[in-house]
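Just so it is clear, A, B and C label the chains in written order, and each chain counts residues from 1 on its own.
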Amino acid sequence: MTVEQLAKRLGAELACGSGVRGLGSGVRGQIKAVGPVETAGGDEVTFVTRGSGVRGRGSGVWGLGRAALLRSRAGAVIVGERIEGLAMPQLIVRNVDAALIEALGIFAPRLKRQEEGIDPSAKVGQDVKIAQGVSIEAGAVISDKAEIGQGSVIGSGCKIGENSSIGANCRLDGNVVVYHNCRIGNNVIIQANSTIGSTGFGYCCIEGEHKLIPHNGGVVIEDFVEIGANCCVDRAKFGNTVIGAGTKIDNLVQIAHNVIIGRCCLIAGQVGIAGSCKIGDGVVLGGQAGVTDNIKIGDGAMIGGQSGVFQDVPPKGRLFGTPATGIAEASKIISLTKRLPKLAETVKQLRKRIEKLESAFAKASADRQKTE
Amino acid sequence: MTVEQLAKRLGAELACGSGVRGLGSGVRGQIKAVGPVETAGGDEVTFVTRGSGVRGRGSGVWGLGRAALLRSRAGAVIVGERIEGLAMPQLIVRNVDAALIEALGIFAPRLKRQEEGIDPSAKVGQDVKIAQGVSIEAGAVISDKAEIGQGSVIGSGCKIGENSSIGANCRLDGNVVVYHNCRIGNNVIIQANSTIGSTGFGYCCIEGEHKLIPHNGGVVIEDFVEIGANCCVDRAKFGNTVIGAGTKIDNLVQIAHNVIIGRCCLIAGQVGIAGSCKIGDGVVLGGQAGVTDNIKIGDGAMIGGQSGVFQDVPPKGRLFGTPATGIAEASKIISLTKRLPKLAETVKQLRKRIEKLESAFAKASADRQKTE
Amino acid sequence: MTVEQLAKRLGAELACGSGVRGLGSGVRGQIKAVGPVETAGGDEVTFVTRGSGVRGRGSGVWGLGRAALLRSRAGAVIVGERIEGLAMPQLIVRNVDAALIEALGIFAPRLKRQEEGIDPSAKVGQDVKIAQGVSIEAGAVISDKAEIGQGSVIGSGCKIGENSSIGANCRLDGNVVVYHNCRIGNNVIIQANSTIGSTGFGYCCIEGEHKLIPHNGGVVIEDFVEIGANCCVDRAKFGNTVIGAGTKIDNLVQIAHNVIIGRCCLIAGQVGIAGSCKIGDGVVLGGQAGVTDNIKIGDGAMIGGQSGVFQDVPPKGRLFGTPATGIAEASKIISLTKRLPKLAETVKQLRKRIEKLESAFAKASADRQKTE
């Protein structure tokens, strides 16, 4: 695909480069991939965005420095507004992120189209409802009364428990286990080796022994949720553990029983959310953060990486640390903690000065009394 | 089942409600499920307990407030002693936790009875001993010389390694991997995607390269241990990694090589225990806590969530923080740390007052000398 | 095998014990296993080393104390230099670690030799290249255009994605999932339930919704890398996520998209490395440590357990804490933090003394003025 053709596909205004740099640098140069500014070659299109990912400092033109872009050997660049002095052609778009996602889709590796149908080595139970266009891969096990919605792909080695339902256009990758009585919406992605609907960690101590509390509840995963690899979502004791529509979860995340997560949250890798927490809409949890049980986190709150949340968090709260406190307070405390050696030294000096003053004053008083 | 019938099943004394609230609120009302005070409907029985789970603040009547119970629309309530002024029937029992577990069992979802026998797609090696009443599900692999005890269920996709034994009445859920030479006792539950007997992280640096130390040891998991989903228990270099009887382990927990865990411990989600630690009986480790290698933790100790244990812990020790210290000291330090800005300001003010005193004193001395 | 024969196998100089302690204690005593100093019996050889593992304080003779060795009932001991006064025979070697690894290999449990060939229940796609001596176990799925190198073992339930390659002499244990377009070198071990090549956690917010950034890149795992159980290595957005030759990774570790890890690193359990980090050669990350995105860690740096790295780390940096700082500074701060109650008390006392001085001085001034 040429730069010109790509611009058309992205609905971009095409600005020619200010110089001729030979093969691949013009609007007729061939583009074969998307690449970052630093490494993109002449057959790659690069981009200037304000960053991506949860805490992505990304590749913003000012962050990286204009110099990096000027040095870039990319065949073209996707930008939000024209940048002066660039030799390469520019594809000017209204929304760089959206154009970037589209371009990445255009140049995505071509994989074999998923075959529809049920692999002969898969095992399908009784009273199972399987919609059209479904693919059930090798060795998958679909238990009795389960339902699989239109166009969904159940990866090899997956287990779908009794009476659980998977919506339309879902993708469960290899070896995902979904226990019984779970409801998974439409357009949900669950990556390899994740576990949905395991029994939660709830015990009563009866006569000195821990007795498991039966978990009669289930799990509800709403539309457009995406869950990474090797995650765990426990089923509820009563009612359901719920993950709200559009929420995205990274790898190795633990969601305990009866947790209710709102819509469009971002939950980074290795986060742990203990039992019965209520997480609002649009909440962001940084990597390895932990939330103790029965906590409420308000809409739009952001919790820094490795933080430990032991108290309710108001909407739009920005927290950091263990125990987590407001980010401004946390920063001040961190900086003062670093200055503790200096503070301790200052106090030591002050004590000496006070001692000196005390003895000087005592001496002066004594002198004066003598004088009198 | 009516409230009356349920009371009989639980061996509860039945106290009629103080008011008539229509359908389902009397002793002949139908009960179909157990539900929490806040959401239970007329066909659900609720309960008043001191809480459940590791750090569960739970649903104690005083915690929740009497008001919540008075507002509850539940059809009946299980209580430890009669509560005055309640409209709903009360089921008075000696042990609410035990009655709750029994009631949850009565109302548990009805799942298909596990079929005995070996699924045709499972692969069973040579010299394997399989007791009566065992179920080996689709695609499971049982290696040579393994043993499976009476009534145990080996879930689909599980691998049981050479010469490993699983006791009676165990349940290994989907895709659990047990390596060779592991001994698992009776009544053990291991949830999906967990790994038992992987080689531990032990290397020697020889001529600049990390060489793996062969792990000749195994894993011993004693009776009534329950292990969550996506956990790892490494095999020992020598001897065995041991998990003592009745210990319960949450999801995504890491137990390293040669760790010895005592009886009846509770180990919450994402905890990591490094090599050769010795954990006593009845120890509680909060979520995401970490214990560095070769540490001893005494019986009955409790370690707070996210704590990092770098020193031995005495029996019944209560620790928190990184590095973990006694909970009282840790609380004091946390509260003083929060007051660091104030302390720094105080020190600044004191310095000014000292300077003022010093110059005033110097001036007074000078004046006096002049006078003299 | 006798002690004499073992000495020969290890190329060790044999020093007879100073005493006769009966069965198994002489050079003709039978040795059947390797055991630690504290528990080794008469038919076991023990060893004295400076420790093993990442933070292993190990079993060094001075660490343990000479007394433990003198008390040991082992049949023989592997040492780096002769220890006086020992009753048991000593096998003196140049490199204890290397000899220990060799001895452990000699006494490793005898497992059934891996059968070559493809299990009938495995599924192999089109245009797959499988070299000689490969074993593909039950239920494994090898997708189109994948390659498996000579002598490699693909465990039961593994999935190898389209166009991915596994080198020679690799071992992938049960239920490992490798997605498409991943390149795994030679002599690589990946333990059970790990996931390689999952899509990373990268989203753009477009019109209020999180849109997944397509991950067109792959994963490159170089020779002699070893990865524990239940780990995740995400594929790159562009280019590759790379794990350098000889690097060893423990269980439950998260490696995010576009991370570049150097050679011969040691990454302990439950570590999380966020997107686009560059980790140098020989870096050691302690258990549960976290590294935020886009961080550079220099060659030979060591990061303590549970630390949170929020800034670049210079080569050979030694860091600890959250946010991580130099280990010396961190230790000082930790110790001063512990003394905060005392510091606060000191400041309180100083204020009192200042107040006393101030009023005394004021009184003295007033007196003097009166006098004058």
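The definition used in the following text is that contacts are C-beta pairs under 8 Å (C-beta built on N, C-alpha and C of every residue); 3 or more make two chains touch, one makes a residue touch a chain.
Just so it is clear, the structure is predicted and the values come from calculations on it, not from any experiment.
For the self-contact between chain A and chain C, the two sides draw on mostly distinct residue numbers; the shared fraction is below half. When chain B is fitted to chain C on its Cα atoms, the angle of the rotation, on a 0 to 180 scale and to the nearest 5, is 120 degrees. Here the CA centre of chain A is 25 Å from the CA centre of chain C.
Multi-chain contact residues of chain A, defined as those touching 2 or more other chains: 121, 139, 157, 175, 193, 230, 252, 270, 288, 322, 337, 340, 343, 347, 350, 354, 357, 361, 364. Partner chain A is touched in their complex by these residues of chain B: 33-36, 39, 49, 52-57, 95, 97-98, 100-101, 104-105, 107-109, 111-112, 119, 121, 137-139, 155-157, 173-175, 191-193, 224, 226, 228-230, 246, 248, 250-252, 264, 266, 268-270, 286-288, 305-306, 321-322, 334, 337-338, 340-341, 343-344, 347, 350-351, 354, 357-358, 361, 364-365, 368.
Chain contact summary for the complex, chain A toward chain B: residues 121, 123, 139, 141, 143-144, 157, 159, 162-163, 175, 177, 179-181, 193-195, 198-199, 201-206, 208-214, 216, 230-232, 234, 237-239, 252, 254, 256, 270, 272, 274-275, 288, 290, 292-294, 308, 310, 322-323, 325, 329, 332-333, 336-337, 339-340, 343, 346-347, 350, 353-354, 357, 360-361, 364.
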